[in-house]
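One structure below.
Chain nomenclature is as follows: A, B, C, D and E, assigned in order of appearance, with residue numbering initiated at 1 for each chain independently.
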Amino acid sequence: MTALAQLLESLRPMLSIGWLAAALAGAGALAGLVADMFDSRKTGIALVALGMAAATVVSLAAALLPLETQISGISSTFAVVLTGAGFAGLASVVYFTAFLSCASGLGTVRENIRVPVAALIAVGAVAGQVLLGADDVLVLFVALELMALIAYALVAAAGTNRSDEAAIRYFVQGSVVTGLAVLGLAVLIGLGGGVSGYGELTAAIGLLAPGAALLGVVLLVSVLAFKVGAFPFHSWVPDAYENAPAGAAAFLSSGAKAAAIGGFTVLFARLLTVDPFLPVAAAVRIMAVASILFGNLAALRQTSVGRMLGYSGIAQVGYALIGLAISPRDTLLFASTYAVAAATAFVALEYFRLAEPGWDGSVAGLAGYGKTHRIAALSLTISLLSLTGMPLMAGFWGKFFVFYAAGSSGLLWLSVVGLIGSVISFGYYGRVIRSLYFDAASAAIVDQDEQGSSASLPNVWPSALGASVIVLTGIAPLLWGLQLVYALFSL
Amino acid sequence: MLTLPALILVPLAGSLIAVFSARRSATAPRVVALIAAVAEAGVAVAALVSMLATSGERLMWVSGGNNAVATSRLVADGLSIPLVLLTALLGIVAVAASWRITDRPGTHHALLLGLEAAVMTVFLAGDLILFYVAWEAVLIPMFFLIGGWGHENRRHAALKFFIYTFAGSVLMLAGIIAVVMTVRSITIGEIGNAIPASTQMWLFWLLAIGMLVKIPVFPLHTWLPDAHVEAPTAGSIMLAGVLLKMGGYGLMRIAIPYAPQGFQSAAPVMAGLGIASIVYGALMALAQTDLKRLVAYSSVAHMGFVVLAISTGTALGYAAAMLGMVSHGLVAGLMFLLVGSLYERTHTREIARFGGLGVTTPRWGGIFVFAALASLGLPGLSGFPGELLAVLEGFGAFGWWMIIVAFGALLGAVYNLTAVRRVVHGEPSTEWTHLSDIAPVDLAAASLLAIGIVVIGVTPGVVMRLTDPVVTVLARALGGGS
Amino acid sequence: MTLFASNPWLAVAVPVFVALVVAVAGKRLVGMTQWFAVLAPVTAGMVGIAGWNSTAGPQSTSWLSQAGTSIETGIAVDGLSAIMLIVVGVVATMVVVFSVGYMAHDESRARYFALLAIFTAAMCLLVMSTSLVTLFIGWELVGACSYLLIGFWYRKASAASAAMKAFLTTRVGDVGMLLGLALLWKATGSLDIAVITGAAPGLAAGTATLAALLLFMGAAGKSAQFPLHIWLPDAMEGPTPVSALIHAATMVAAGVFLIARMWPVFDASEAARTVVLWIGTFTAIFAATVACVQTDIKKVLAYSTISQLGFMFAALGAGAWGAAMFHLVTHAAFKSLLFLGSGSVIHGAKTQDIREMGGLARFMPVTAATWIVGAVALAGIPPLSGFFSKDAVLASVLHASPLAASVLFAASLLTAFYAFRVTSLVFFGKGRGTTVAHESPLSMTAPLVVLAVLAATLGFMGDPIMTALGLEPEILSFAVAGVSVMVAVLGLCSACALYVNGLGQASRLSERFSALHRLLLGGWGVDALVQRVFIAPVIRFAGALYVWLDRLIIDRAVEGVGTGSQFIGRFMANLQSGETDVYASLAAVGFIVLMGIVLWIGR
Amino acid sequence: MTALVLCSLVFGVGLYVVLTRREIIAILAGVELMLGSANILLVALASFAGADGGVIGSVALAVLVVAAAEAAVGLALVVSLARRSKRSRVEELLEVKG
Amino acid sequence: MTLTILAFALSGLLMAGGAAVVALTRDLMRMVIGLGTFLLGVAGMFLFYGQAFLATAQVFVYVGGVLVLFVFAVMVVHRSSGGRPVLESRHDIGAAVIALGVSGMVILSLQDSVGGWLPASASGGAAIATELLGGHLVVFELLGALLLAALVAVLVIVGAGERR
C-alpha cells in the first residue's frame, strides 16, 4: 500500500493537470478513429476503451490524492471548470461507464460505424468531465450541447425505424430546450453584464431585478432538468434508452446523466446559494417528488427492459434531485453509484442482445437466462439490486447518504418519499430478476443455447467488472469505515 | 475477540466454497454446507463460552481498530447470544432439511449460508448502519431461496415477501436516519443528544414499523403465510426460526432504547397488536386446510406473545420475549422441518388428505405430536416459560386484557390438537399405506431441536442468565425495575 | 427411608428415568421393562410414606430470574402432599401391575408404560410443589399425559376426539388458573405458595374472591365440575387402567388438592366458597342422575366420579377441606378398584355394554367379590371406607347449608342406586352376552384384592389423615350417618329390585319417561349445547374470518396496493403518447410550470 | 423594450412552429427561429446592461456554432429517416410509446 | 439616429416577417426563403448591436451553409414525391397558449430590466478572439470538439441509416 501511495505521490504534478484524463480520452478517441480508417475496427474500439481506462485511473488517482482541500480550478488562469477531488471522483465514474460501454464491444451497432460510435462516447465522456465540473454558464451550455448532439447520434446509431423515431423526437424536444438554454444565457450573461463564471454571476445577478434573475435561473434549471430527465422534462428518456443500442445506452443512461447531475449540483452549490433562489430549491424538490412517483409508477407495467430502465432512470434522478440543493457531496456520490449500476445493467443487456439474437428485449423474454448466462444474469441482478438501493451494493450508500442529508436538513418527509419509491422500484426490478431466475426458459431458447454455445460469445467481462465494482464498493465501507466514501467525494 | 467476525465469516466462506464445490459433484455442496454450519455452531458456542468467561457482560469487535473514525463494530451481549446460538442451531437444521435437494444444490446451500451470515450480522451489529445493512441483506438470499426453490406460487410469493418487508424496513431506515441525525452517533446505545419526547412519539413507530412487519403482527402479516407456504423447507425454517426474531430483537435493541418515551405511549397499542395477533393467528391457523399454512399462521400467534411481552417494558417481559423467540425458533423450525419432510414424500400439504400417519409413519407422528404440544405451550417444553411470563407481566401492565391472551393460548391448543387429530390420529388413509418414515437426516435434525425444546422448557433460567445483565440495563432505562 | 425423606425429588426423577428407559428400550424389551415400570409409582409412594411425618424443609431453586425478580420452583413434602403421594403411589402401582395383564397383547406397550411413568412424575411434581409455577407445570403435564393416554388407541376416531376434548376442556379451566396466577403475581409479587397463603388474609376482598374463583375454574376443569365435566365421560375411550389411575383416583382429584393447597385464599373469600359449594352440590346430583341411565359400564363410573368429586367440592365449599381430602383418599381406593374391576370385566366379557353382560359372578368370582366391596364402599354403607368419608362431607355441608346437604342426600341415594344397578346387571341375573367370560390373570386380580382391602379399611384412617393435615379429627355425626345409611340402603334395595332380573322393568320405565330418559342419557344435553354454542361457532367464525377478513380485506388491500400502483403506472405511461409535439410542448410547459412554482413560492 | 418584445415574440413564433408543424423540416426551421431570436435577445440585453462586447460576442458565437451544428445533426436525422422509411412527418412517428 | 432606428426597424421587420412566413406558409420552398429572410434579419440585428463579426459569421454560416443544407434536405426528403410539397400545420389553441406563455413570461420578467435606447458598443472579431482564447479557452476547445462530434455524429446517423 505504501509503495502505491509513493508512486501516486510522485505522479502528483502530472495529476494536478485536470486535463490529463480528458487528453487521454480524447487521444484514445482520435487513435480509434484513425485505426478505423484502416478498417481495423477491433483495434479501434480497443484503443478508445484503452483511453477511457487510462482516463478512469488518472481521475481516480486525482480524486484520492486531492491537491488542495479547496475547490481547485482546471488551471490557475481559467477558473471555469472544477476538478477538485469530488469532481475527479465523479469524472472517473463517468470515464468508467464510458469504458464499460466501449468495452462491451458495441456489437449491436452496425459494423461500419462502430468505432465512430465509440469515439462519440469518448468525446461524450470528455464533455461529461467538463460538464460535471462546469463553473461557468457558458461552459455548461456548450458542454451540454456537445453531450446532446452525441446523445442524438447514439440513439440513432441503432439504425432501426424505432431508433430513428426516438432520436427525432429526442432531437425536437432537445432543440426546444436548447432554445430555452439560449434564452437563459441571454438573461444571465446579457443582463449580468457579460460575466459568465458562477462566482461573478452570483454577485452580478444579485443586482438584477428579482424577476429577471429568477427567469434566468429557472431557464437553466429547466435545461438541466431536461438533461437529467426529470419529470416533466422526461419524455425522451424511455424512448432513448429503449431504442439506443444497449451498449451506447450504457453510457447515455449513466455517464451522461451523472455528468449532468454533477453540473446541476455545481449550479446549485455555486450559483444558487443566495436567498432569493430558495424557491428554486423548493421547486426542485417538488420536481424530485414528481420524478420519483412518476418514474417508479410508470416503470411498473413496462414490458421492455430498456424502457423500464428508462422510467426507473427518471425515478433515480428524482433521488438525486433530493440531494441537489442540500448536499453536493452526497448527490455526487449518489450519481456515481447510480451511473455504475445503470451502465452495468445496460452492458449486461447488450450481452444478452448479442448472445441471444432471439431476445425481443422484453422482461419475460429473459426467462431462464439465469441458468444459461450465469455471469451476465448475475451482473444484471446485482446492478438492479444496487439500483433498488439494497445494502451490500454501492447503490445503498448513494441513497443512504442522500436521504440522510435530506433528513438532516429537516426534510425527512422527502427521504420517506424516496424510500417508498425504492420499495415500489423493486416491483419492476424484482420482476426482471424473477424472470432471470425463477421462470422456466422456453424450449426454443434452450435449443438456441445448445446450438450457439460454440459460436464466439460477446464480452461478458465488462458487466462482470461493473458488478464487482458495485459489490466491492458496497461492502468496503462496512469493513474500512466510511472514510473511503468521504475521501472520494469530499468537496 | 475474533469470534465475532468469525461468526459472520465462517458461513460466508462456506457459502463461497459451496458454490464452487458444486462443480465437483452434486453432493459436495451439502457436505460443505454441513461442515460450515457445524463449524459455525462451534464458533457460536465458543462465543458463548468466552462471554461467560468474561463475566457475561458482552463481547465486542471493532473493525480497523479503535482509533478509526468511522468503523463497523460487532457486539454480542445477552440479547444477541441466545439468538446467535439459535441461528447456528437452525443453520444446521436447515442444511439437514435440504439434504436431498438436487436442483442447483451449490447455489442453494450458498444462499442458505449467506442468509445465515446476514442474520448473524443483524444480531451482532454494533452500529446502526451495519444493523440496517444486514437487516436488508437478509432479504436477498431469502428472496432467491423462495423464488428459486419454492413451490407452485413461489414467483409471486417471493416478490411479495421482498416488497412487503422492504416497505417496512425502509420506514425503519427513515427512523434510523432521524436517530442518527439527532444523537450524532451510529453506535447502538450511544445516545449523545437526547431525542425530544415529541419526536419520540413518531420516531418510535417509524423505527418499529419495519420490525412489526418482520415479526409480523396483525394486520401486517399477510406476507408471511404466502412466503412460508411457498418457501422450500430450509427457507421456511430460517424464515420462521430466525428471520422473524429480527423483529423482536430490533424492538428491544433499537426502537425502544432510542425512543423510550415514545415506546411508553405506544406500549398499549403495541400490546393490543400483540394480543390481536395471538388470537387472530390462532383463529387463522384453525381455519387452514394447508398444513404449512397452519404452521405459518401459528407463527403469528406465537410472535404475538413476544410483542406482548416486549410491550410490557419490564425486565421479565424482555426475558419472556427472548424466551418466546428462542422457543418459537426451535418449535417452528421443528414444525417446518416435519411438514417439509412430509411434503417431500407425499407432495401435498392438504390436511384433509392425511390421517393416521401415526400408524404409517410412527416416528414422524410421534415427533409431530411432540412439536404440537410444544407449540401449544405445554409446560416442560420451551413455549411455556415465555408465554407464562408474558401473561404474568402483561397482567401487571395491562390488566384484564390478559383474558383474551389466555383464551388465545387456549385457541393455540385447539388448532394444534386439531392438526394432530386430523394428521396423525385416526385410521390411516389408504393413499399413504406405503409411506416411508422420516429420513434419518431429518430425524437427527429433529432430535437436535427436540433436545433444545426440552432443555429450554425445563430450565429457562439458562437463557435468562445470559440476558440478565443487558435486560437489567435496558429495563432500568425504561424506568421499570421488574 | 431417610433417602426418600431427604430427597423428595426422587419421586419425580425416578419416574422420568423409568420413562426414558422404557421408551428407549421400546418394543424389544417390553417384557422386562414393564415390571421395571413399577419402580416409578413405588418410588412415589415411598417418598410419600417417608414424608408423612418428615420435617425436611422445602427444596427450592430459582427457575428463572431477571433483573432481581425471580420465580422459584421448589418441592417439599408435607402432610397434604404425602397423602397425595401415597394415593398416587399405591393406585399407580396397582394400575401398572394390572396393566401388565390388561395390555399384554398391545403392540405399543412401551409407549403406554412410559406415559404412565411420566404421568406419575408429573403428578408427584404437582403435589409436592411449593410454587404455583411448579404446580402449574405438573398440572399441565398430567393433562398432557391424560391426553396422550386417552388417545392411546388413536386409530379410533372417537378416542382421538375424546383425547382432544379432554385436553381442551381442562384447558378452558386453565385459562382461569393462568389468570389466577397472574392476579396473585400482581397482588403478592410472588408465586410461592407459602408466600401467597401467608398474604392471603391481607388481600382485598375482591382480589381474594377473584383469585379464588379463577383458581377454582382451573380446579373445576381438571376435576370435571359442571359445566366443564363434559370431557370425563368421553375420556373413557382410553385404556381402562388409565381411567382408574388418571380419571378416577389422581388427576381428577388434583382440583380438590389445589383448593386444599390454596385454602387460605379460599378462606379469605366467603363468596368464592359459596360458589364452590353450589357448583359441587349441583355437580354431585346432576352427575348422579345421569349415571343412573348409562349403559356403558365405564360411563357409569365416569359420571359417578364426577358426582363424587362434586361431593368433595361441596365439602370444600362448606369449609371442610379435610373432609374433602378424606373423601378423596377413600374415593381413590374404591373408584380405582371399581375401574380396574370394570377393566377386568371388559377384559373377560369383551364388551363394555352392561346390557350385554349378566351373571358374570359365576365366571369371575374374584372380580365380582372385589367389585361388590367397591360398590358398597361407593354407596356409603358402613363400615366400608365410603361411609366414613361421605359422612364427614355430609356433616360439614349440613353445617354450612342444610339445603345443599339435602341435595347431597338425594345424590347419595342415586349413588347407591346406580352402583347396584350396575352390580346387578353385570354380575347377577342371567347372562345376556354372547361370549363366555373368563376370570382375569393373577396380575389383574391381585391389584383388585389389594384395592378391595384398602377400600374396605381406609375409612378408619380418617383420624391419621386429619392429623397429617394438621386438622381436628372428625367426629362421626350419628344423625347424619343414620340418614345417610338409610338413604344408601334405600338406593341399594331399589336398584336390586329393579335390575336383578334384567332390564325388563327398567326398560318399561324408561319408555314411559322416554323424554326424561333421553335427556339423562345425553347428560342433560350439556355436551351438545357446548358443541353448538361454543365450538361450532368458533370454528365457523375462524373460517369466516379467514375468508372475509384475512383474504378478502387485509390481503386484498395489500395486493390492491400493488395492482393499484400498477394501474396508476399504466395510466402514467400512457401519457407517453408518442406525439412529437406533445413531447416538445412538455419541455416548454415544464418551464412555465417551474417558473410558476418558483414565483408562487417566492411570493 | 422593442427588442425584448420582438425577440420574445419571435421566439414564441418559433416555438409555435415547432409545436404545430407536421413536417419535420419545418420544425427544424422553427428551432432556428428560436435560437436566432434568443441570440439577438442576448446581444440586446447585454447592451442594455452595458456588458463587455467581447464576452457577449464569444457567447453569441458559441450559440451560433451550436445552432449550426445542431441544424446539421437534425437535418442528418431527417434525411436518414426519409431514406430508410420514407417518413418525413411527425404523425408518422407513433411507433414508440407507452 | 434615425438611420440606426431605421436599421433596427428593417432588421426587426425582416426577422418578424421571416418568422411569420415560416409559421404560416403552406409551401416548403417559401418556408426556406422565409427562414433565409429571418436569418438575414438576425445578421442585421447583430450589425445594429455592433457585432459586425457576428453578423458576418451569421451570413456565412447560416445563409451560406445552413440554408443550403435545408434546401438539400428538402430535396432529398421529397425527391420521390415530385412537385412542391405542401406544408401542413395543426394550428391549435394549446400550442399558441404555450408559445405565448413562454414569450409572455420572458417579457414580463424582463420588462423592468430594460428600457430606453441603448448605447451601442462596437466590438470586432479581435475582442471575441481575445475572450475565446483567453478566459474561455475551454469553451473554444469544446466548440472544436463539438464540431468534430457533429461531423462524427452525422456520419453515425447516416451510416446507421444505410440499407444493409
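Quick notes on this one:
One rule holds in what follows: contacts are C-beta pairs under 8 Å (C-beta built on N, C-alpha and C of every residue); 3 or more make two chains touch, one makes a residue touch a chain.
If you're wondering where the values come from, they're calculated on a predicted model, not measured in any experiment.
Listed by label, the chains touching subunit C and subunit D alike are A, E.
Among the remaining chains, those touching subunit C as well as subunit E are A, D. Contact tally for D-E versus A-E: the pair with more C-beta pairs in contact is D-E. With respect to subunit E, maximal separation of chain centres occurs for C (centres as means of Cα atoms).
Taking the mean of all protein C-alpha atoms as the reference point, the chain centroid lying nearest to it belongs to B.
The distance from the centre of subunit B to the centre of subunit C, each centre being the mean of the chain's C-alpha atoms, comes to 35 Å. Averaged C-alpha coordinates give centres for subunit A and subunit D that are 27 Å from one another. Centre-to-centre separation between subunit A and subunit C, using Cα means, comes to 75 Å. If you average the Cα atoms of subunit B and of subunit E, the two centres end up 70 Å apart.
In subunit D, the residues that reach two or more other chains under the touch definition are 11, 14-15, 18-20, 27-28, 39, 41, 43-46, 48-50, 52-53, 55-56, 58, 62, 66, 69-70, 73, 77-78, 80-81, 84, 90, 93, 95-96, 98.
For subunit C, the set of residues that touch two or more other chains comprises 562, 573, 576, 578, 580-581, 584-585, 588-589, 591, 595. For subunit B, residues touching at least two other chains, in rising order: 163. Taken pair by pair, the chains that touch are A-B, A-C, A-D, A-E, B-C, C-D, C-E, D-E.
Only residues 26, 33, 74, 77-78, 80-81, 109-110, 112-113, 116-117, 119-120, 123, 126-127, 130, 136, 138-139, 142-143, 145-146, 149-150, 152-154, 156-159, 163-164, 167, 180, 183, 187, 191, 196, 208-209, 211-212, 214-215 of subunit A touch subunit E when the two sit together in their complex. By the touch rule above, subunit E contacts subunit C in their complex via residues 90, 94-95, 98-99, 101-102, 105, 109. On subunit D, the positions that touch subunit C within their shared complex are 15, 18-20, 27, 90-91, 93-98. Taken in their complex, subunit E has these residues touching subunit A: 102, 105-106, 108-110, 112-113, 135-139, 142-143, 145-146, 148-150, 152-157, 159-162, 164.
On the side of subunit D, the complex with subunit A involves touching residues 11, 14-15, 18, 24, 27-28, 31, 34-35, 38-39, 41-46, 48-53, 55-56, 58-59, 62-63, 66-67, 69-70, 73-74, 77-78, 80-81, 84-85, 87, 90, 93, 95-96, 98.
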